[in-house]
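Written out below as structure tokens is the structure these notes cover.
The chains carry the letters A, B, C and D, assigned in the order they are written, with residues numbered from 1 in each.
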Amino acid sequence: MTMLLFGPELYFLLVALVLFFFSLRRTPKVKADHTVATVLALVGFLVAVACIGQKGELFFKAYRVDLFSQIFKAALALGLFLVFMISRNLAGIEERLHAEFYLFLTTCTLGMMMLVSSVELLTIYVSLELSSYSLYILVPMRRGDDIDVEAGIKYLFIGAVSSGFMLFGLSYIFGATHSTYLTDIIPKMPELLASPIGLVGVLLSLAGFFFKLSVFPFHFWAPDVYQGGANQVVTFIATASKAAAVALVLRIAALGAGAGYDFAQALVILSIISMTLGNLVAIIQKDFKRMLAYSSIAHAGYVLIGILAFNEAGYSSAVYYALAYLIMNFTVFMVLNEVARDGRDLKIAELAGLYHRSPLLSMSLILGIFALAGVPPSIGFTGKLLLFTSAMNQGYFLLVLIGAVNGTISLYYYLRVIYAAYFIKGEGLPPIQLSWPTKMLNYALCATILFFGVAPDSIIELARAAVRTVL
Amino acid sequence: MLVFNQLETYLYLALILFAIGLYGVLARRNLIAVLISVELILNAAMINFMAFNRFVAPHPAVGQVIALFIMAVAAAEAAIGLSIIIAVYRKLKAINVEQATELRG
Amino acid sequence: MTEHLASFPYLSCMLLSPVVGLFILLFLKEHQRLAIRMVSLVAAGISFGLSIYTFVSYDKALGGLQFVEKYQWVKAFGITYFVGVEGMNAPLLLLTGIVIFTGVLTMWELQERVKEYFIFQLALVTGVFGVFMSYDMFFFFLFYEIAVVPMYILILIWGSTRKIYAAMKLTLYLMAGSGLIIPGILLLYSSSGLFTFNMLQLHAVQFSPWVQKLTFVLMYLGFGVLAGVWPFHTWSPVGHVAAPTAVSMLHAGVLMKLGSFAILRVAMYLCPQGFQYWAQFMGLLAATGIVYGVFVGLAQTDLKYVIGYSSVSHMGIVGLGLATGTVDGLNGAVFQMFAHGVMTALFFSAVGYIYDRTHTRDIHELGGFSKIMPVASAFFITAALCGAGVPGMASFWAELLVLIAAVKVFPIRGLFAIASLVIGALFALRVVQNTFFNEPNPKFTHFEDVSPFLGLPRMILIGFLIFFGLFPQVMVSMIKSSIVPFIQGM
Amino acid sequence: MGFNIGSVDPLFLACFAIVALPALAFGTIMIFTWRRDNLSLGISLTCSTIPLILAWWLFFTVKGATLAEPIILQVNWMVSDAVVVPFGFHLDPVSLLMLVIVATISWLIQIYSIGYMEGDPGFARYYADLSLFGMAMLSLVSASGMVQLFISWELVGLASYLLIGFWYEKFSASEAGKKAFVVTRFGDIGFYMGLVFLLYFMKDISLFGLGIADINNIGLTQKLTEAQITLCALLIFCGVAGKSAQFPIHVWLPDAMEGPTPVSALLHSATMVAAGVYLMTRLFPFFAASATAMAVVLAISTITLILSSTIGMVARDIKQVWAYSTISQLGFMAMGLAAAGLAHGTLFAGYYHLTTHAAFKALLFLCAGVFIHHFGTNDFFVMSKDGGRKLMIPMVTVTIAALALAGIFPFSGFFSKELVLAQLWHLDNKLWVGLGLFGAFLTAYYTFRVIFVLLFPRPDDHPAWQTYYVREEVAGHGHGAHGHEEEEAHGSHGHGGHGDHHGVPWVMAFPLIVLAGFTLVLGFMQTRIEKFLLGESHPHELNYLLLVLAVGCALGGIGMAWLDWGRARANWSGFLSKFPMLENFFIQKWYMDHFWRWFLNTVIYGTFSRIFTYNDRRVVDGGVDAVALGTIGSGRLLSFIQTAFLQLNLLFMVLVLAGVGIYLLMGR
């Protein structure tokens, strides 16, 4: 009976198996695979939503199922489903690998689902690695030129090194607190941080989590992977895996809650550097995905602002922002995928004439971009404002000021995208035909972005309820 | 013999191992060498866990279990790493880091 | 401030009718030109009518906030949907109504991407209405940005001279402004300790002096960018030149007022001590802007640049009025916001008509237009005279009030401001003479004059200018009814 | 200003009608009937006749309104906190008389213009502008508060702008219009500042909205210090100088002759330019309260008198001559008032001169108009050649007016000039009266220069024509040419006059006769008017010496003119040609125009405007762009962190981590 708590994970394990068998086929059935995978993912999403109310603990308290984790599980399942939906023409990846693409995405999702529920160091480590490894494999799967393997290798090594750091750090924490359960560790945090060994431990272990979130200085993989990876894969990395990372960092940051002023200051500095660096460098990018990579670094900085507040308001706004980020970033990537049908890298200038080619897509793009830029009325705006509010309540005036100014800087490159899509004339480019599910998807996403931007109350209440279980 | 019976020794050992691994990661140009250095880092962590488990942790098994897990994970990592390195070799006809310097800026 | 709940959600209707129109437009086809225009006209018309209704039926004797609507929005962060009307913002709502209605009529002849144009314009207007009527800082700021951002696309697609540069500059500049505003608002929010964005409740709080000083200067600079405060004005001439006619109307006519209104409504209202501290500074910038604007405008040859700089100068007068912090000064400032809004709208619509025909705005190339199109030039000349502060127009009273108040508070700056009126006259007449008098340019003689239908919006604008020029009391008493308690509250 | 008509007393309604009807006409014509000439004419005439009647009615019926206790009817126009602006009427003898003058003359002009402007494309617009002027002027005259007065003041300026630039296709016309508006505006700003300063000096301005009476009370009851009053008085005098074309901002008036001649007659001789002097009269007690101010005014007006009469001696465009004589006479009035202020006299002298001058100067212009209209030139030499004297009515009337202007008994000018000179005589410093007499001499000289030339035409072979053509080059850039342009401007009809030399349409002749009548009568009304104005008339003892001197000067001037221009052997060179430098100086109008042109081009456009514009482009805007470029540049710089080389990135990562670690370890 208790295994029902493990329902979503079990379900996706099952899906993974099915897809595994698909991948064994000699002659790939692209369409069939896609349909089946999408349907399964949809069902998975429903399952996750169905299990959202569950509470309980599994595996000797190493695994906690609460509102927080379940919300993120639903989000992750949603992310997977969405990515599958736009994987209809997977031009970026050879046909024979399609099944594996679905398989590894599923396993990655599984890993991340476990990640958001795990409250014990080893569990965290294992599930983290599970999710990471699937991505390591997915990135070089791309067909075509050499940059994909380069991206893969960089991703792998930066990931491996930082997870090595994390593990080393965890070992010190274990040594200092004699336990691997967060529930035991958190109370001991103050004296832990007082001792050098504990401090080093916490610091090193943060490396692994920040790597997922691509916070400075663990951001180096992001631009290369975004550019090198296949569009759909990058979409997944940019949306679902970011959400998972936020969840993870939220769980861990509770460690930092007892930390002193210096620790918070260190985080403040990291967050400031992340957003500034991300925004500034994004300005000069020509490649659309690479630009989005830098913007994701900047957004990591924003999320950190919320986490820094170390209180309910901050965490709930961070959760809200994570979910918002999933939606808005996905919207942009969906447009990217639709425009780059042949799976190529898209230069920003190549959005030219999008307005004439497909008004619907350009509308989604404009909303997604404005949401990323934090322009009302969109979830992005509301989320950012909530983050700033919670930080300001903790007295981080300078942080908020810099964050707000960064918003302006970021607007510059976001507007360049809109400029390309709306203003540059695309000579002789054919109109983009959209299948009806994609159209539905477009409308749904736009509606979500607008509605929850104007009426965020329900989401916020949900997030608050969730973070209460964490704190 | 006392030296072998106290925590610090093992911690220093692990630290040294970690340092070596880190050095290897940063210094070696050969991808396989880098991969091995990463493994060293993991091993350093493993030693720590074992040591802490042996000397301070209340529950005797935890560290060992963790160590076993780490071994498994490391093996998986090695497998993935090697496979990617092979892919690199196929495409770039080399397994040097200098070869993979397309993406910048 | 006393609040009187609305019997019927007039304000929400005023706010939502553009939104509804916008959504209807989404489902129309590009080629259904007439339908698109009608829908947007009706949407604008409803708002216009309601704005008139609120202006007329506001009970001055009762005072306070009327037509109030208040709904809990986000409990966790103390955000409420809280809109209302008082003497201070009723004129500006009216102004917005006028300008959007006439603006839609002015753009009637638009041919390119009609649907989208009106969509974005309606979005913008929603924002403007929202800012003027909200009393919750969250919504205030939300609407503020909604009003600002569509400009980018409006200018980019339908604009003219150097539009790419202008659009980017304008948007970034204004957003940089809001980059200062956010911390300001949040600082108040957090240091109040009430966890509410409700302005009236925040007004009750006594913020510590340094908070007030800091917040005030942040907001003053942030909003000041939009208000075209010198030296943060350079986006405005460029932007006005690039923007299509109705957008220039909306932008110079209404959006710049958002800035000054926000300074009054948020910054001065919530941080009186901060205002006291920075008043001298404000006065200095404003006076500089007044003198500076006319002198620079004197050297311009592009009609829209001329108007742009005159706006800088006139907004300087608004700023000066605000800086005095006296009843007269504030009355004058708000009155000037209204007058200048209508006047500039008239300016731009007249210029737009000529530009659409001749495709030039260079005053040396134009000439003798009062022979070619007497009516169109009559409109422009009226606006120019109003700009030169000729009595009988609304702006004369506004300037009178502001200048008298200004001389009492800072004599020297006030005198400079008054002296600049000479140059103002010179500057207006120079344009009028070059453009509309002398020998007509043979290239343009074949153009026909404004048709009665296209003349209608201009007539409406002139009508309002002259009505409030002859009966200033209507406006002043309205504004005064809320300024007096405002000052007492400070 | 919500008040219901029933409760208002008829007097107010009458005044209101006087002001409102022309405004109504203006609005109606501008909006509705501007395409229908005759209809517009009808409306405009109706709306100027009724005020005329009402004005006379008030003039005779209103009793018990004295300078001391005027009748003030007003309602609140705008009530802000401390600034209260009333709208209403200040009825006392001064305003009543001026109402009559303005109403009458503008009515006559409207009649006259029917003939003069007939067939002009802008006929309706012309009458609309005239009505606007009427409204503004009437409300200026009767305004109860300074703000209302200022508003009407500005509107008058506006109307004159529109009327001067009436033939706007003509560059010189639109230029002149602009010049007039801006230059007068220049003075008006002084006026504005004066008012604001008044408000500033008396802290309790909430008590009153700058009522005329209140300001005069300031003068009487020493509310403000002498210095404050002086400052305000001088600032307000700037406005007076602007409107009444006093030195140094008189330059707009001669150019204003670009407008149609009736306009010149109405605005720029009789009424509008007199508004300045009227304002002085209006605020006489206030001005009188500051001796310093009065001295300055006296000096300025004297300079104006001399300057303009000397220029009048060399001008050869008939309208120019009258324009300069207008300026000089305005100067003369101002002198009278100033002298009265200094010697504690009454405002009667100056004001009386204003009254008489209004009549005969309008007459002069209308006659000039007839000539211009007939011969299609402004150059009175050409007129005389074409047989100017054959036009009986104008010739006679112009002579009458000229005699009046020269101050010859029994014409009205004589009496009023006597009074002004008498005022000057009372001053301790006899220099002023001397200059006044000199001015009188010059006036007589240049007036009769015109008359003689017109009366005694020369045959074409007469030597006089040589000097004439020689002068052509020198005066070439005077205003000799304008007449022809004006002709072209309202082309069709002007030349119609040629051929028959007796065809003066009655609509144009009638006003001449009426005005001539006034010119003859007004002189003998002196005591009546004085009684009406001051309540009592003190028969001032005749000062025979002064009388002799004055008449002597006048006759001397006429005689001189006879020698130079009249007698058969006169070669039209004028005694000035003995001093060529001086003559050239006068022909160049004392270089005042050059000065202002230089000031505008070099100082305003050349310096301030250029500097500010440069600063705006380069410094302010450049700074903004620099920030943007800097941001992008820093982005480019930072992008080098992202090297393509894996291990450099790792190294960086490790170093930062180590840095943070050290920071934290040190921090504890």
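Everything below uses one rule, namely that a residue touches a chain if its C-beta (ideal position, glycine included) is under 8 Å from a C-beta of that chain, and two chains touch if they have at least 3 such contacts.
Keep in mind it's a predicted model, so treat the numbers as computed, not measured.
Of the two chain pairs considered here, B-D and A-B, the higher C-beta contact count falls to A-B.
A simple rule picks the central chain: find each chain's mean C-alpha point, then take the one closest to the mean of all protein C-alpha atoms, which gives C. Inter-chain centre distance (chain B to chain C, centres taken as mean C-alpha positions): 65 Å. Chain geometry summary: the mean Cα position of chain B and that of chain D are 98 Å apart. Remark: chain A and chain B have CA centroids separated by 27 Å (rounded to whole angstrom). The geometric centre of chain A is 78 Å away from that of chain D, both derived from CA atoms. Counting partner chains per residue, chain C shows two or more touched chains at residues 172. Those residues of chain D in touch with two or more other chains are numbered 628, 639, 642, 646, 650.
Touching two or more other chains at once are residues 153-154, 157, 161, 165, 223, 284, 412 of chain A.
Annotation, chain-chain contacts: A-B, A-C, A-D, B-D, C-D (touch as defined at the top). Remark: chain B residues 22, 25-27, 29, 34, 97-98, 100-105 touch chain D in the complex.
Of all the residues in chain D, the ones that touch chain A in their complex are 628, 631-632, 634-636, 638-639, 641-642, 646, 649-650, 652-653, 656-657, 660-661, 663-665, 667-668. Contact residues of chain D toward chain B in the complex are 639-640, 642-647, 650-651, 654.
Per the touch definition, chain B reaches chain A in the complex via residues 11, 14, 18, 21, 25, 31, 34-35, 38, 41-42, 44-45, 48-49, 51-52, 56-58, 62-63, 65-66, 69-70, 73, 76-77, 80-81, 83-85, 87-88, 91-92, 100-103, 105.
Put simply, chain A touches chain B in their complex at residues 122, 125-126, 129, 133, 136-137, 140, 146-147, 149-154, 156-157, 160-161, 164-165, 167-168, 170-172, 174-175, 178, 180, 223-224, 227-228, 284-285.
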